[in-house]
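As structure tokens, here come the structures.
Same chain, two partners: chain A is paired with chain B first, then with chain C.
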Partner chain A sequence: MSHVEVAKPTDINIPASSLWSRLPVIGGGLGIAGIGATLAAGVGEHGQRAMFSYLWAFAAVLGIALAALGWLLIEHVVRSQWSAVFKRIGESMAASLPLFALLFLPIALLGMHALYPWTHETDEILEKKRWFLSNEFFFGRAVFYFFIWSLFGTLLYRFSVRQDTLGNDLAARDRISLGLRKFSAVGLFFWVLTLSFASIDWLMSLQPHWYSTIFGLYYFSASILAFYAFLTLVSMALKKAGVLQQAITIEHYHDLGKYLFGFTIFWAYIAFSQFMLIWYANIPEETEFFLVRLHGGWEYVSYALPVLHFFIPFFFLLSRHVKRNPKVLAIACWYTLFMHLVDIFWLVMPNAGGHGAHSHLSVSWTDITAIVGVTGIFLAVMGVFLSKNAVIGINDPRLSESLTHENY
Partner chain B sequence: MSTTKLWGYLARYENPAELYHACEKVRDEGYQRWDACTPFPVHGLERAMGMKPTILPWIVLVCGVTGSVGMLGFLIYAMNELSPYIVGGKPIFSLPAYVPIWYEMTVLSSCLAAFLGNWILNGLPRPHHPAFASKAFERVTDDKFFIMIEAKDKNFDTKYTRLLLESTGASLIEELED
Partner chain C sequence: MATAMETALPNDPKIRGDIVLPDLPVGREELIRGNHSFHEITEIVCRVNEAPILATPKPFIFGIMLAGSVFAMFGGYIGYLYWEGPGIWGNNNPVGWAWDIVNFVFWVGIGHAGTLISAILYLFRQKWRTSINRYAEAMTIFAVLAASACVALHTGRIWMDYYLFPLPNQMGLWPNFRSPLEWDVFAVNTYLLVSLLFWFTGLVPDFATLRDRTTVTWRRLFYGSLAMGWRGSHRHWVTYEKAYQILAAFSAPLVLSVHTIVSFDFAVSQLPGWHTTIFPPYFVAGAIFSGFAMVQTLMLPARAWLGLKDIVTVKHIENMNKIILLTGSLVGYAYAMEFFVAAYSGNDYEGFTFLNRMGGPYWWAYWIMVSCNVITPQLFWFRKIRTSVAASFILSIFVNIGMWFERFVITVTSLHRDALVSSWEYFVPVTEVLFLLGTFGLFFFCFLLFVRFFPVIAMSEVKGVLPQANPHWEGYHKGEGHGHGTAEGAGGH
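Entry: the complex of A and B
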């Protein structure tokens, strides 16, 4: 195709009057209040439930930031062109990963006993797992995860911003893109491992007897699905605030909608694969997971998830017209985000009764404060990174392709 | 040799922009049985040609749903009525065991519908085409762009259609014979 020089967007900075530039204050305020209330309940007498609320909110939101990092790494490695208009938004999410190290502290300092039975219980199976599930190794791994995530999240953002300043120095621009591409290939390797092991450490070890080799992939599929929904909503909200009016088009939403659709299927595929093998083999160590989730009200969630998290969004997103209509797509995104919260709730909360004890399905006020708090902090930090620089990588060599991107 | 009969006109263009505007003109004249050939995809050409959205998605949907429902029905019938065996200590009716086959059949019937529907809608397979007789047309895989209008089109007129193609700036116009 003949190359037409495309006019670069000029509405690339968030106006000071928009809600976005006040987001750090609003989100930060909500975050501190929400997390404060949750943790205050967490250190109280019946604090266990509050700590589970906090872990749930932490895992659900961390997944989105982690998926943002993974998405960026993949887009760099494959030299993706269509997504160049979204890259800075994703980078702002990934750049907030160091913050999650801070958000992890309440779990490490206050929640270990309440959350993880392996810290204070013992039996034959747990003794064999002791080398892996010990406080020292557990925290060591956590430090390593946060180091990797912070390193890649921060550097991807930094170099992308440096590219903005290079103006017409084409060689330097391309050098940064090539460098990021190589860096991302290494990053993907570490990202896959750290994400898998983090989900094993923080979510799977809630039921320390139980194991599922596909669990990391389950957490990844849930997270990346929520990430695409979140990315779509953020870009819509940015457009509403008067940024990137011409840059982000129906064509981009169409592609995000395809991803949303695709990963809805992917999530169901992975979730069913996990269930199917456990159901078929019927070994007590493995069935424990579903046994807990088929009692005490959780059976309703278990049966509802395939319908509400797969069949309904599947048929809803099937049509091309839905993906090309931002208003309808936004509904699908909000719905997907809500179902992501339900999904992680279903992973975390049934263990709140402690090892061996079944917990009844219940929603506590600490769930609300926890999710508002963690989301608030995440939005605040993301907002800082978004409003500090342009919301688009203006010198990205792939930007012009992205601006003229079309689906056929 | 039997007498040859006019199949249609072949017009050659030198670049995508000329072809694009020529297609718009032909479209606006209301022709239906015509086509454009290019060495590479020309973005937006389907709009310049006024092509209607394909009905292929509906074919895929109908076949996919049929395959899906049919397979699920067959599984339930076969596993519960035809040969009810207890496998692995599971109940006779075990939905999870049906899911992989149910799912695969949905995918298979959708894919076959997409594949075969594509062939049928495009009139494939088509081993021969009148344009193959043209020496000039060989460069369609290289650097030239073509429009052909079939004589079967209700708007086709040996004089007027040639004039139309000339007015679009075609660098060559040939008659194709059936």
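Entry: the complex of A and C
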């Protein structure tokens, strides 16, 4: 409801001298090297552990890109105005989703046997699950997920970039915003279902006997939390590179910090709900999940997660001063991202010992190469999308409200 | 930004609030229509409360007498229950929980919308909440009272209910602290207490307004004591705003925890259909869903009868319908996920329970639930429907029905087929309809009293979202500011 037209930012293109414009090369190089090394180990004799490293890195980073897509869809549907300055950053993350189809190929082509016991084992329960857990259906679903994510991720970016060129044509500009809103409402429906079922397919079925109805929500909560941390860090890094100096203010960081705080609680709520109900009812079909995570060194991770991923960030982020101090907020974001990696590690890695066997907590060099590789590729592609166009939707009708955003 | 549209609105307050303005890509329409001054808001809201007792409209007297007699019937029913015991219900051997618990969960769920509106929407800076929060909070209080009545009456020996509290006694008997039924006692009581405090804190400035306006002694004493010496000074407002924010921050997790614990009543068991990990967030979504539907059911007639259409406009109705659509879809997601996992798990008992829900003896209850909770709310995707007052009212009734049946499906259908065929029994209610009716009597009796004597709109908050509450309002430059009363906005007069 601002009646004053605010001056639009002019520092909206990444300067060629900054590290950002070299990111595609650096990230791509690191990515190919990291993924190459991981997969080279993966096809070797003891390749199973390396494939788990790869799946872990894939799931952790994909979650951030997927949450970016969901965040955009939600912001469009609710006509969010405060967040307009961040929109292009989120779009660049979501636009990189087609890449993940490519990153999924090693899992589909090399990793199925190593990762998923249901591909080659059989017993009475697995036979009952065959209708869902079969290679054909599994790959068919994966194709569908990537189609949906690529479609929405790409189109949201494209339309937003087209809006950049419509400086004078207000009617066309508004039409895009209104159209994207309807498009996003449809997208949300598909996004919720594909995200849930992708997490069931790729993570829950690692332990094919186990089931939990909240699992999709668990992956969602973990991913969206990591996304807010990542978005905050990227916007800070962009400011450091000399763009959006005036556009992104403390007020925006304050709100991002609130989301970080809120989703820290949400993650804990979902994680607690899952644990508490399984622990209390103590049914063997379900306790299997926590059983493997309470042995072989994994118990330390299990006990640490509520403390390190909830209590510490909860009390840290509670204060208004923390959320309004970019330097301190950045620490919270790095920390949250690290804990996200630990959280997904805890979901994926205890299954590395094979079905029925308890694996021991271990960190392998392939974990490092996998996470560096997948992150590198993701950053490279995101960097391409960020530097190809302005880093802000300059003709977004909601921008002026966002530029003058205040917390009150 | 939408001022051009708003000047084109007709001058008739009876229809002005129902006119749908076009959906803009940016900006917000004015929350309150009719360019009212601070004083006019006070007049609109206080008119209902300030009418002399003898001038109470006849339909209102009829309504309160009807609700009062149903409430009185409930008193008689409680006496009957006290005398005869729960044998007056149709509960049988496998179905040990039926309408008593169904009614409890139904009412406590309804309460959640009030807290969501007053606390969570407040934390999210959703200013449209100011037009509906008072009403919804009152609904919360009375719904939680009705829920408490249900749960206190389901225990069997209701004269021993004080054992629910951990009172030291000579027999050394303590409640079972590991039982979620015991956590319920604490959760619901805390919820009632905090909701009451929150509601009362918001009411204080408005009580002061009523106190200052009245010319009748008993009203001055009544509102004066409730206003607790409010003078509307800056110091008062600073304290008030801080207290309000702290209460909101407390209420937000509280509202989630209450229904989470209600879901634990079922989910910590090992019964298929009750035990599933998605229950906590699913119950919270369902509670908000049912609560918003009840707000609509109560608000839509009231805004017409009490002349509040300028304050509760079609935009508010649309926003609430969107929340109904969202939470209804979340509930649909939970149904689907439960169903999928029952099929995916390969667990025969899970599979049986869900197929039995769909096609077993209670198939009708299941399909009422699905139709009212998942299918009909999807009509709110269409703007025409979610901005239609009549459609909103009808669909809100559907949701109320659907959510009652959801609790019935969860409670009764999961119980009526035990693991052994010898423990299968069909549940038929006996006198329970009077039980449910009685809680409605309790609810509406309290609610109508509230409407008659308490301001149904948070006047001071609504004044805060008027354009002239903004210090940069254009009208001040044009000299319109005078007479709109700056001091009056502070709850005086």
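We take it that the second predicted complex is superposed on the first by the 406 of 408 C-alpha atoms of A that agree within 3 Å, B and C clash if a C-alpha of one lies under 4 Å from a C-alpha of the other, contacts with A are read in each partner's own complex, and residues count from 1 in each chain.
The working rule: a contact is a pair of C-beta atoms (placed from the backbone, for glycine too) under 8 Å apart; a residue touches a chain by one contact, two chains touch by 3 or more.
Quick caveat: nothing in here was measured; it's all calculated off a predicted structure.
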{"item": "Joint occupancy of chain A by chain B and chain C, clash or fit", "value": "clash"}
{"item": "First (chain B), second (chain C), both or neither touched by A:H46", "value": "neither"}
{"item": "Partner chain(s) touched by A:R320 [first = chain B, second = chain C, both, neither]", "value": "first"}
{"item": "First (chain B), second (chain C), both or neither touched by A:E406", "value": "first"}
{"item": "Chain B versus chain C as contact partner of A:Y280, first or second or both or neither", "value": "both"}
{"item": "Which superposed partner A:H120 touches (first chain B, second chain C, both, neither)", "value": "neither"}
{"item": "More chain A residues in contact - chain B or chain C", "value": "C"}
{"item": "Offending stretch of chain C which, after superposing on A, collides with chain B (from 41-49, 239-247, 275-283 or 419-427)", "value": "239-247"}
{"item": "Shared chain A contacts, counted only where both chain B and chain C touch the same residue", "value": "1, 276, 280, 408"}
{"item": "Interfacial residue positions of chain B with respect to chain A in the complex", "value": "16-17, 40-44, 46, 57, 61, 88-89, 96-97, 99-100"}
{"item": "Sites on chain C touched by chain A in the complex", "value": "1, 23-28, 125, 253, 256, 260, 264, 267-270, 275-281, 329, 333-334, 337-338, 341, 343-347, 381, 470, 472, 474"}
{"item": "Footprint of chain C on chain A - complex, ascending", "value": "1, 3, 79, 81, 125-126, 128-129, 132, 173-174, 177-178, 181, 185, 189, 192-193, 196, 200, 209, 211-217, 265, 269-270, 273-274, 276-278, 280-281, 283, 285-286, 397-398, 401, 408"}
{"item": "Contact footprint of chain B on chain A as seen in their complex", "value": "1-2, 272, 275-276, 279-280, 282, 318, 320, 406, 408"}
